[in-house]
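Take a look at these structures.
The two complexes that follow have chain A in common; it is paired with chain B in the first and with chain C in the second.
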Partner chain A sequence: MTEYLRKIRLIYSKDLKIEFRTMNNLVSTVVFALMLVFIFSFSLQLADLDLNTVYAPVLWVIILFSSTLGMDRAFLREKENDVIEALLLASGECSSIFFAKFFGNLTLLFLVELIVVPLYTVFTGYSSSSNILLFLATLLLGSWGLALIGTMINSITVQLRSSRVLLPILMFPLAVPLLIAVIESTNSALKAGSGSEGWLYFLIIFDLIFVIIPLILFDYILEL
Partner chain B sequence: MRSKWSYPLLILLMILMLINLYLIFFYAPLEKNMGIIQKIFYFHIASAWVGFLALFIVFLASIGYLWKRRPVFDNIARASAEIGTIFITMVLVTGPLWARPIWNTWWTWDPRLTTTLVLWFMYLAYIVLQSGGEGENRQRLSAIYGIIAFINVPLVFFSIRWWRTIHPVVISSSGMNLSGKMIVTLVFSIFTFTVLYLNLLLLRTDIIKLASSINLLKEKIHEFNY
Partner chain C sequence: MLQNLEVKKLSKKIGFRTILSEINLLLEAGELAVFTGPNGAGKTTLIRLIAGLGSGDKGEILWDGKRYGPDNGKIGYMGHNHMLYEALTVEENMNFFSRMYDKYDSKNIERLLRKVDLYFYRYEQVGNLSRGMQQRLSLARLLVIDPWLMLYDEPFTGLDTEGQQLLRQIIQEKQQEERIQVLITHKTGLLDDFIYKEVKFCQGKLVEVIEGRAEL
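== the complex of A and B ==
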């Protein structure tokens, strides 16, 4: 078990090192997310909507869109350098590669959210009493699930032509239950007091299911 | 597969379809409130049943493919997904046609409706995936997506149901009281559509198999020329 975790940590830190040295992926994803924040808050302003009611859905659509841009790099890098086989030989287990990539994507998503969420809140001028703890838990579990689905679908699409277009097409239908849960949970976090933690349980179940699926199927995905 | 079963099945299907039409339009009584509009219901439910059955077949065939690695399973999964897409499209067309006069709206975010729509999107994604690669790679990866898509259906359904029970429900589900004759007609219609599905599945699987063997021959000719 410790050996397994060590493998995950090694691949993860390798990816992180490459990412922070080149900054390619992180910068472009953050810039894309910032533009989304700007475009959404700006065009909603034009509609003269009450921004408090659309805060949660728009936030999660921004996160979903930026995640599809950011996450399609994880396996592409290995493919471009033609080292997937080497990585498999070195680690010996497919699922350790999967979880290393998953943690990499999750880190990326957190970094994006760290910039996007405060800025979005400022732009929309959101002001209401809210349950910060529930909000953060939703953000954590939601990103966790999104990174799981994204990593899994990315490992499928990277082996095909036109992988860039395929990632969102394959991923969005799977993200529907997650999207409902995070939006509802965010909504109840914002309406402090009236909200319930019920959706958090749904998120936990969802995240667990999408941890178990790759554990079983990932050997078949990365068959070479 | 083709020579032995397709003709008897086709003849059976023709007879069943005629009986089914008779049952729907003459045997089943006219619904008091909805009138003739209600007849679409027999096509609608039967198509929805086939749409979900087809996904289950995709799921089974995908598991079969990953287990045995025989191309025939991939052919079945692919054929079933294509047929499922057609039937779900029919559900999504007949549903609003019925809902407009009865519910007074084309669309509502009811669990069943939304699950069907997400299922339709997953079918489309599956077909795009199937056409996006070649050879063993494509077959294996689409089998994996077929399995994940099937697992996703209950998740979608329960998330929406939960979401809808928390919120006030604008339009309650129809709550139709079916008479005995209507139930007989409905069951018969579902049975007929299942036979139709099997018929199409056999034909389409056969065509896909033929197409891939033609491709194989083409490649051989190509190699021979150079």
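== the complex of A and C ==
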């Protein structure tokens, strides 16, 4: 187990080093997320909608769209020059590659959210007596789930032609239950109310399922 | 140390096309096998299956009579492409792969980089190196893990005369260390002074094995 975690950490650190050196993925994802924030904020102001109703769904749509762009490149640097083959031999356990990529995507999502959430809140002028802890827990579990789905789908689509188009097409249907749960849970958090425990449990179970699926399937996925 | 590698009735299909058909092959410690044959004969598929990068539809590959997976540190594979991170430097690539195999030793890495004549370029990003230099680094990465089984797919491609000589020297050293080596090449003339087992393929079939081949 220690050896397994050591390999995950090595691959994750290597990916971070490459990402911060090239800034390819981070910059494009953050810029795209910022554009979405501006567009949605202006549209919401012009439409004169009740912010209490639309704040959470729009926030999660921004996060979902941004994550699609960010996670699209997770396995790309391994595909170039067949590095994936050297990595497969070096890792022994294929799933360690998956989880390293997952943590990379999760880090990217957190960085994007760190910028998007405050800006979106300021631009929409939204304020409420929210339950911050519940809000943060929802962000964590929602991002965890999105990163898992995105990493798994990306590991499949990267081996196919038109992978950039296929990622959202395959990812969005899988993300629907997660999206419903995070929106409901975020709404509860923003109303500082209770009664959202059910959605939090749903998120935990959803995330656990998508932790187990790659453990079973990832060897076959990489053999495609 | 690996005593023998046995491929038993190995077959592989992709779609309706037979890539490998009932391949049988036995390699002993210290043996160098050279796979030859026209393009599309199944050589690369077989070497990838031996590396553990995929599985056959039928048959098996045995190490000392036992089934195996891509176990740590036992298989070194040098493919068509250099299989290195172009955004990392020469040294970072070596550090990363040696750490993955838990064989990190800065002195050894320095020695190997000097051996492949890349020590001077250790802080250079791999993407900025020439094809031949990338190939040398790929060779150094193979050596840093010190595998029991060494698989090379067209390793002479892109190497200059010095690089080819270096590779020949390494193959010779590994033969003396009793490692099993499998090599795909169309340039068998470069192995003239080696004793090797030539394994000829055609249309997914192993058509001939010539034992103890040496052109001397």
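Heads up, the rule we're going with is that the second predicted complex is superposed on the first by the 220 of 224 C-alpha atoms of A that agree within 3 Å, B and C clash if a C-alpha of one lies under 4 Å from a C-alpha of the other, contacts with A are read in each partner's own complex, and residues count from 1 in each chain.
In this text, a residue touches a chain if its C-beta (ideal position, glycine included) is under 8 Å from a C-beta of that chain, and two chains touch if they have at least 3 such contacts.
Quick caveat: nothing in here was measured; it's all calculated off a predicted structure.
Asker: After lining both complexes up on chain A, report clash or fit for chain B versus chain C.
Answerer: When both complexes are placed onto chain A, chain B and chain C end up side by side without any clash.
Asker: So, A:V83: does it touch chain B (first), chain C (second), both, or neither?
Answerer: second
Asker: Is A:I213 in contact with chain B, with chain C, with both, or with neither (first, second, both, neither)?
Answerer: After superposing on A, A:I213 lies in contact with chain B but is clear of chain C.
Asker: Nearest 10 degrees is fine: what angle do the Cα centroids of chain B and chain C make about that of chain A?
Answerer: For this superposed arrangement the angle is about 90 degrees.
Asker: When the two structures are overlaid on chain A, which partner does A:S91 contact: first (chain B), second (chain C), both, or neither?
Answerer: So A:S91 only meets chain C here.
Asker: Have a look at where A:L34 lands relative to chain B and chain C in the superposition and call it first, second, both or neither.
Answerer: Neither partner.
Asker: Between chain B (first) and chain C (second), which, if any, makes contact with A:T22: first, second, both or neither?
Answerer: A:T22: touches chain C, not chain B.
Asker: For A:L119, using the defined touch cut-off, is the partner it touches chain B, chain C, both, or neither? Pick first, second, both or neither.
Answerer: neither
Asker: Contacts for A:L51 in the overlay, against chain B (first) and chain C (second): which applies, first, second, both or neither?
Answerer: A:L51 contacts neither chain B nor chain C.
Asker: Touching A:L166 in the superposition: chain B (first), chain C (second), both, neither?
Answerer: The answer is first: A:L166 touches chain B but not chain C.
Asker: After superposing the two complexes on chain A, what is the shortest C-alpha distance between chain B and chain C, in Å?
Answerer: Shortest inter-chain C-alpha distance (chain B to chain C): 5 Å.
Asker: Which chain A residues contact chain B in one complex and chain C in the other?
Answerer: 223.
Asker: Sort out for me which residues of chain A touch chain C in the complex.
Answerer: For chain A paired with chain C, touching residues are 3, 6-7, 10-11, 14, 17-18, 21-22, 77, 80-83, 85-92, 223.
Asker: Provide the residue numbers of chain C that touch chain A in the complex, in ascending order.
Answerer: Counting only chain C, the residues touching chain A are 48, 51-55, 69-72, 75-77, 79-88, 92, 96-97, 99-102, 141, 145.
Asker: Touching chain A in the complex: which residues of chain B?
Answerer: Within the complex, chain B contacts chain A at residues 66, 118, 121-122, 124-125, 128-129, 132-133, 137-138, 140-141, 143-145, 147-149, 151-152, 155-156, 158-160, 162-163, 166.
Asker: Would you tell me which residues of chain A are touching chain B in their complex?
Answerer: Touching chain B from chain A are residues 152, 156, 159-162, 166, 169-170, 172-174, 176-177, 180-181, 184, 198, 202, 206, 209, 213, 217, 220-221, 223.
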